[in-house]
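Both complexes below contain chain A, partnered by chain B and then by chain C.
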Partner chain A sequence: MNQELPERLIDESMRRVDGRKPDELRPIKIEVGVLSNADGSAYIEQGRNKILAAVYGPKEVHPRHLSLPDRALLRCRYHMAPFSVEERKSPAPSRREIELSKVIREALEPAIFLERYPRTAIDIFIEILQADGGTRCAGITVASLALADAGIPMRDLVVACAAGKVDGTIVLDLNDVEDKLGEADLPVAVMPSLNAVTLLQMDGLLTLEEFEQAINLAIDGCKRIYKLQKEALKAKYLAIKEEVEE
Partner chain B sequence: MTFSLSVSRIKQRQIAKLIADGKRLDGRGLTDYREIKVEKGVIERAEGSARVYLGRTQVLVGVKIGIGEPFSDRPNEGVLTVNSELVPLASPEFEAGPPGEESIELARVVDRGIRESGAIDLEKLCIIPGKKVFIVFVDIYVLNHDGNLIDASAMAALAALLNTKLFNYEVVDGEVKIKPGFTKLPIRNYPIAITSAEIGGKLVVDPWLEEEEVMNSRITLIFEKDGRICAIQKGGGGTLTKDQIIEAAHIFQKKAEELRKLVVES
Partner chain C sequence: MPVFYDNRELVTPGDLLAEGNYAAGKNTYKVGNRIYASQLGLMEYDKREVRVVALNAFYTPSVGDLVIGKIVEVNVNGWTVDINAPYLATLKASDVIERFRPQRDDLLSVLDIGDLITAKIVSYDRSRPPTLTIREPGLGKITYGQVVKITPTKIPRVIGRKGSMISVLKRETGCKIVVGQNGLILVQGRNPEDERLVVMAIHKIEREAHTSGLTDRVTEMIRKGRVARNESGVAGKANR
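Right after this comes the complex of A and B.
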């Protein structure tokens, strides 16, 4: 059951446990519009992470007293499948999942024109099917695509990526082992075109200089994923366009 | 501007307008804290306790010590658990019932500061490796909510831990027997949380309730004793710029130093 833990996370030639360079992302595969029932949906694989996101809404609010008079109510559920991690996780929401649902909602909220849909609800569901570190970031990246796929007007896509410190080196996009054994993890979400940070968390230990270096690296990683996000969106809608034209 | 039921539009505008000029409704500067008072040892039944007043915000933290099993991946370490209760008597907005996301976030941020700074020497809390360890229960009890619960709770938690005693024990045939007398809980770091609200493009330190109602977002940095950051949490559905964050980190680092003195020496 137990994974073998490496003794060192970075070798002499600056290669990480999975062979990456410090500033290298894991391979990413994104697909938009993967579920027929949802108003919008998307799927991402980032390294061994496999994550689905679906958006329902704008729709009527249940229970009704939760509705807001001046904007849409945004709700978000981040949830890990019991089989997504090494040791089975109880399907009941943990305190970690409740906190992450909150910060993810707050990371996506600034991007959405909620004021256009008063007295409605927009529900975002993020299901972690397989986890390998950095699930909140990949979850944000994929959820923002599901929102766009649902046709909800947005100021920008939100994209997230973590940086951190591993064996004394600042690295990009930590995997599970690096997150667990590393010295610090700094997840960041941004709206790249607006130069705005929408999520920022950190645990571990960083000096101010290291922090500055890490946040710059994380934002750089976000910008690279942003390109892939836009390609994935285009891929779906260009395919539809071609079908229509045929 | 955010929609708020409890702060009128006119007051919201007033708060934002003053902040744009570098002033605040209660007369503080943008980086000033409200008056802070720390009282240690206020609950005799608890192994450690402290009450912190941050202006009109009041937080009580009680620490109870138990004996239990360690986590299987850390057989030689004691266990820390942090919980928070937003007690209904503290605010008309709080309701009884299972903890909501605000309460869970509060507890988890305070927990992160203590854990990541290594504030408690958990290895010294091991009694029988893999079998029996001390468990440190930190319970945050918010008594009056007038904003900035994170900083008040983090200070109260640290003050309570500094005040916590462990009972003496001996191991007889694999059983833990409690002996008379106490030792101090081994504390080796002092994490201090500094929170700001972003209002109209400016950051104001230690927001009170009405500023929290108006803010776009909130950012907390927790610093350990050598000035390194040990935890960060952004909150609220607004945005910040990278430059704002980096500038804040430098200002907050100095603030943390001031507050730490106050909590440790109280």
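Right after this comes the complex of A and C.
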């Protein structure tokens, strides 16, 4: 996909490698309830990212000894398909995937009323079908939709978006090239209605002012994606309503 | 005390529903004096309370509920039953067999793995799995008919206001219908065609539960189905 690396990531007219403005998101398409065998599911396309999420539960915990007496056990698997990147990726979970699974689980945990369902498990599967940078953020965004689709009580939807610095400019929603060649990447996950941050990571270097600018930009991006999330969640039911009530 | 959504408006988790002196009803939660939705569903409110009717949810057991379950395990002194809930339920042998003797009685001959039963929940709390009873008239092993699974939140819609929907289904098809609160519905008719008609109607109700004028559409659908069947001569004479 990105064979020849661009010399500059931002041109004279402040356009990025894919033609976006610094504060512009990639085009996003979301669909909810795409898998009939899962209790809840969702699919997202964010730029060239294609991600599928499925949720099962709450259900009995297997193996039994893992169950928690006071709350539900949340298990999360972030996995990249072998064909999701240019060079075939081994399907075995890598160090990076294991870490991201944990980070995503911890970003979603505060949104779920886990204490209401002791001794049960909720399983989340996030499958990256095609990756183009920012998959952890898009993964969190779809996973929270899959949870809501499964009917699991939540405080709020969790939505994530990254900001970063490329060629000295603070930009929103980095793609793969910008992430690899840029100076900094700052993924943020929030629960917008509650004004709470559930994930904050940083890779690279930013000054204090730049950091502040970047985090505000990322949160602004999250709020824009949040609107799309809500629309997608309602779309399934509004379509039926229109169909029968003509 | 403002309310931010209309009655029967679609809301998503995290939506701020109301502020002020309301009680947080079903599928909502309260932070300070703000009430938020915790499910995707339809908003409902009155003077006192704000609640959300969820569009999709799993079944949470509650004492006194009639449920339909499947035997998944036979133990020394009882059965383990899948009741479509986060927890497996138990049915004690002493509840089913009078003067139960573990050494003599063969539980497999009473209820085997895969058998379906109608049962009532007698106890359930956070610390132990729900227990069932079949010691009431009409409960016990299901011997014929079809079982349909729908999302448990739509059970009230299948029953309808004061049982209006279910009585339409029964009257129009002549089937016996047992509605489990856990989302499983047993349909017993005089022939499989009648049952199939009810199953189709139930799926329609599930799909269109959040719309209005549903009872009329379902009645119409069943009547059309019956006419089509009688014309093609599948049922032969009408079963009345």
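Operating definition for what follows: the second predicted complex is superposed on the first by the 237 of 246 C-alpha atoms of A that agree within 3 Å, B and C clash if a C-alpha of one lies under 4 Å from a C-alpha of the other, contacts with A are read in each partner's own complex, and residues count from 1 in each chain.
Just so we're on the same page, contacts are C-beta pairs under 8 Å (C-beta built on N, C-alpha and C of every residue); 3 or more make two chains touch, one makes a residue touch a chain.
Keep in mind it's a predicted model, so treat the numbers as computed, not measured.
Enquirer: Could you check whether chain B and chain C clash or fit when both are placed on chain A?
Expert: These partners fit in the superposed model.
Enquirer: Could you say whether A:241 touches chain B, chain C, both of them, or neither, answering first, second, both or neither?
Expert: second
Enquirer: For A:153, decide between first (touching chain B), second (touching chain C), both and neither.
Expert: In the superposed model, A:153 contacts chain C only, not chain B.
Enquirer: In the superposed arrangement, does A:30 touch chain B (first), chain C (second), both or neither?
Expert: So A:30 meets neither chain B nor chain C here.
Enquirer: For A:196, decide between first (touching chain B), second (touching chain C), both and neither.
Expert: Only chain B is touched by A:196; chain C is not.
Enquirer: One more residue to check, A:102. First (chain B), second (chain C), both or neither?
Expert: The answer is first: A:102 touches chain B but not chain C.
Enquirer: According to the stated criteria, A:58 is in contact with first (chain B), second (chain C), both, or neither; which is it?
Expert: Only chain C; A:58 stays clear of chain B.
Enquirer: Please indicate which partner A:186 is in contact with in the superposed arrangement: first for chain B, second for chain C, both, or neither.
Expert: The answer is first: A:186 touches chain B but not chain C.
Enquirer: In whole Å, how close do chain B and chain C get at the C-alpha level once superposed?
Expert: Scanning every C-alpha pair, the shortest chain B to chain C distance is 15 Å.
Enquirer: Quick check on the output: what are the common chain A residues between the chain B footprint and the chain C footprint?
Expert: 191, 194
Enquirer: If we count contacts the way the header does, which residues on chain B are in touch with chain A in the complex?
Expert: 3, 101-102, 104-105, 107-108, 112, 115-117, 217, 219, 224, 227-242, 245-246, 249-250, 253
Enquirer: If you look only at chain A, which of its residues touch chain B in the complex?
Expert: Residue positions touching the partner: 68-71, 74, 95-96, 98-99, 101-103, 105-106, 109-110, 186, 191, 194-208, 211-212, 215-216, 219.
Enquirer: Show me the residue ranges of chain C that touch chain A in the complex, using the header's touch definition.
Expert: It is residues 10, 12-16, 27, 29, 31, 36, 38-40, 54-58, 86-88, 126-127, 151, 153, 207-208, 210-213, 217 of chain C that touch chain A.
Enquirer: Spell out the part of chain A that touches chain C in their complex, as residue ranges.
Expert: 39-40, 57-60, 111, 113, 117-120, 148-157, 191-194, 229-230, 233-234, 237-238, 240-241, 244-245
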